[in-house]
Amino acid sequence: MRYSIAELARLLGLAFQGDGERVLSLVSGWDTADNESLIFIDGQKPTEFSSNLLPGACVLTSQQLVYSHWNAILSEKPKLDFSRAAEFLAPRPIGQGLIHPTAIIDPEATIEEAVEIGPYVVVGARTRVGRSSILMAGVSVGENCTLGENCILHPRTILYPGVQLGNRVTLHAGAVVGGDGFGYIFDGRKHVKFPQVGSVVIEDDVEIGANTTIDRGSLGVTRIGCGAKIDNLVQIAHNVEIRRGVVIAAQTGISGSTVIEDHAIIGGQVGFGDHARVESGAVIGSKAGVLPGKIVRGGQVYWGVPVRPLQEYKKLNALFGRLPEMKKQIDQLMVKQRELEEKFSKLLSKEE
Amino acid sequence: MRYSIAELARLLGLAFQGDGERVLSLVSGWDTADNESLIFIDGQKPTEFSSNLLPGACVLTSQQLVYSHWNAILSEKPKLDFSRAAEFLAPRPIGQGLIHPTAIIDPEATIEEAVEIGPYVVVGARTRVGRSSILMAGVSVGENCTLGENCILHPRTILYPGVQLGNRVTLHAGAVVGGDGFGYIFDGRKHVKFPQVGSVVIEDDVEIGANTTIDRGSLGVTRIGCGAKIDNLVQIAHNVEIRRGVVIAAQTGISGSTVIEDHAIIGGQVGFGDHARVESGAVIGSKAGVLPGKIVRGGQVYWGVPVRPLQEYKKLNALFGRLPEMKKQIDQLMVKQRELEEKFSKLLSKEE
Amino acid sequence: MRYSIAELARLLGLAFQGDGERVLSLVSGWDTADNESLIFIDGQKPTEFSSNLLPGACVLTSQQLVYSHWNAILSEKPKLDFSRAAEFLAPRPIGQGLIHPTAIIDPEATIEEAVEIGPYVVVGARTRVGRSSILMAGVSVGENCTLGENCILHPRTILYPGVQLGNRVTLHAGAVVGGDGFGYIFDGRKHVKFPQVGSVVIEDDVEIGANTTIDRGSLGVTRIGCGAKIDNLVQIAHNVEIRRGVVIAAQTGISGSTVIEDHAIIGGQVGFGDHARVESGAVIGSKAGVLPGKIVRGGQVYWGVPVRPLQEYKKLNALFGRLPEMKKQIDQLMVKQRELEEKFSKLLSKEE
């Protein structure tokens, strides 16, 4: 999309300086910018900028960092407003109604208007795909699914039967939603599969990373709340509840029936036992481990296996690094104590 | 499938009470049950049940928990018998012989009767697919593979050439079986690939999770034994042997040539070095790490990096949490010892 | 491919003994060898070899281990030279120019000669596929991609738009290259997506494992250097730089903008915070954790969370195992010190 600097500033509710008529058509890094690029500077000016020459057509930055001869949109939060600007200059694509002739759409499926379906897509019976959604090459959607409006399913994403997506959900390539949960009961001889007949509900504005797997509920529902953002290669087990606005980094795994409340932030490679609960606003550092059934209180930062409040864990970890010193001190104490005891005994025997 | 309460109880070898003619057609959780649902209660009655009203047509529970006016199938192991009931009410699907016209099956492949093949499936030369197996949309099976009877390959699963599956194997979406093992020899300048020309054998009744990867043997075989259950996003390297009935939770990684013996249970996000061995019946907790070449003895529970017996590890971990106290005690001991020494010296000098 | 023992030895620049005319057609393990197999023995002779009977047509081994009546190619580095021999006997496949009629190739794409394209492949507009590359079943290549010569994309690999591959790149099944990086700015109410409009460059001779995910740069480039080898289920975030010859084992995750310099070796399940840097030749053990911004010095081995030099970490870990002993020693010291103080006080009071 193309906007003049003045238009874009107006849409963002920000002031600008310089040539308001200048046209912008993309967002760029300052090292790859061209003559229609919007770039941004946030906090620290790249040293290359000392020349005062602006690479690109316009910079989004703060009053403090701008040079008077630059074209600039002025912001107190350059990184946030640059991201907002990108929503105009490089908007999320919207379906244009093209359906590739190789797509196999069950006659009982409902495809709303402006839906775009790529080659070799398969859509099952009684599935409904909402307005302007995009299903890219090789996507497979099972029976009885519901997709809201403006969803984007990247190539080869897979929905098992009965999955529900809200509006503006993005699934990256290779993501698998609705696979069987992992539950077996040992009968003394073999593992009998516990039924995995529940469903998955993914609410509005969720983004799910590449090759992430989200299992269906065993009997109930696995739910991903509004606006949650989940990175690549994450595992979400049956009956998990991820609430509104939660952020989960790559390769984290969440066991069955665990609940992550609103706006919690979870680092990468974190592991959660089953039936745990993370309260609203908690932050859990990368590689941490949360024990089954554990309740992690809100509004704090945690780290470690098992998780402890960050400050406590950092202190313990520092002491872990001082174990050799502590060991040596103990050894010395024991030697000196023995010496002192001996001297004392000698003194006592002399006294008698 | 539909069964009367009396029929189902008879198939399970259990007693029932109430209306034996009542028809059941699905298993449900107690909160989503409808008038043909079988539900179960195991140990703890949901508080909502205090009303004595049974949600659903029948409950599978123990004599201790049942109300006399309920329709019930009585069991001392409700969760296990509910799972067995689900095998009747919601049985694993079996191929019905439909082959989608877009499936590309090599003329040299052998497809036995009742095999079901979905759209855009590709089957390579000299591959044999056993009776009643199901290959869902977009599955890709390489040359020279063998699939037993009643296998289910979910959408977009991939078998490299030469993979062998037993009977009733289930592969979830995106699983990749038979990819090259990861082995290189550095020649001083570059990494030369060690040949990865072995195969993968997956025995009967194995279930493999979504986006899990199982590499082929480099020269020999990677083997997954009868009835093993492997969760999502697990990595199994070349020449690994997973024996009968082993259970492996999500995101665990097993390095080359490691052996996991019968009925071991492995948690999520566990890592194994190469050439390790886990003896029969060992249990390894989530996020544990097993060093290369390590032998983990059977019949015990382990945790930690590197793994230690659970009780030992828990004790160590508790002491880790007491490091600040230990540090303080050492500091105090050093102060007091110095004081004592000084007092003692003073005394000695007085004595002389 | 078929070579006589004499020809193969000449190609490898090695001496041989025995029947130089004997034909070899495959590499095998000694337990699965047939009468055209080259096998190898490196260091330790399998006990089964005590019979002196050579399983297979020829052994590649050292002067010290060979029997005089064997057909043998002699090498001081048998494992390396066996790997080199495999490059002749079981060479990497090269495209033969077959394009399956179901492949959907955009009219604006450029397919060079001898490219091989399997069924249900999709190639986007303005993408160029270099000579003799192979795109297997169901591969999806977006718009504006560039693939060099002799690349192999295994089934269902996915390139998002704008990805560049060098020559002889191998992508295993289910790998996803060029997905959006994971970056959001919280506006106080919701997560606004930071633009993910950069690209991915994968240089010559890189191999990427199954279901691995490599995100595009947010504004700049994510780069994988010449000859790097990356295992299955690895996560590489936006703007990461993996340099020449780096090796990364399975399930490791690398956060945004981290740099791994030449020939570093990274174990499995390692986690890297963002903006970290691993210097050339460093080795990081499995399950280690590197903090954001951390610089890991080259030429050393590291382990632990957070990483420490291996020897230091091993020492700390050994002391961790001795915490119960240390605790006990501290307790005894405190008891004895109290006793000594009391005795001393008693003595003093007697003195007075």
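Read from first to last, the chains carry the letters A, B and C; within each, the first residue is number 1.
Following the convention adopted for this analysis, a residue touches a chain if its C-beta (ideal position, glycine included) is under 8 Å from a C-beta of that chain, and two chains touch if they have at least 3 such contacts.
Please read these numbers as outputs of a predicted model, since none were measured by experiment.
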| item | value |
| --- | --- |
| Copies chain A and chain B - rotation angle from C-alpha fit, nearest 5 degrees | 120 |
| Self-contact between copies chain A and chain C, residue sets same or different by half | different |
| Mean-CA-position distance for chain C and chain A (Å) | 25 |
| Multi-partner residues of chain A (each touching 2 or more other chains) | 120, 138, 156, 174, 211, 233, 251, 269, 320, 326, 330, 333, 337, 340, 344, 347 |
| Residues of chain B defined as touching chain C within the complex | 104, 120, 122, 138, 140, 156, 158, 160, 174, 176, 179-180, 182, 184-185, 187, 190-195, 197-198, 211, 213, 215, 219-220, 233, 235, 237, 251, 253, 255, 269, 271, 273, 289, 305-306, 308, 315-316, 319-320, 322, 326, 329-330, 333, 336-337, 340, 343-344, 347 |
| Complex contact set, residues of chain A against chain C | 26-29, 31-32, 79-80, 82-84, 86-87, 90, 100, 102, 118-120, 136-138, 154-156, 172-174, 205, 207, 209-211, 227, 229, 231-233, 245, 247, 249-251, 268-269, 286-287, 317, 320-321, 323-324, 326-327, 330, 333-334, 337, 340-341, 344, 347-348, 351 |
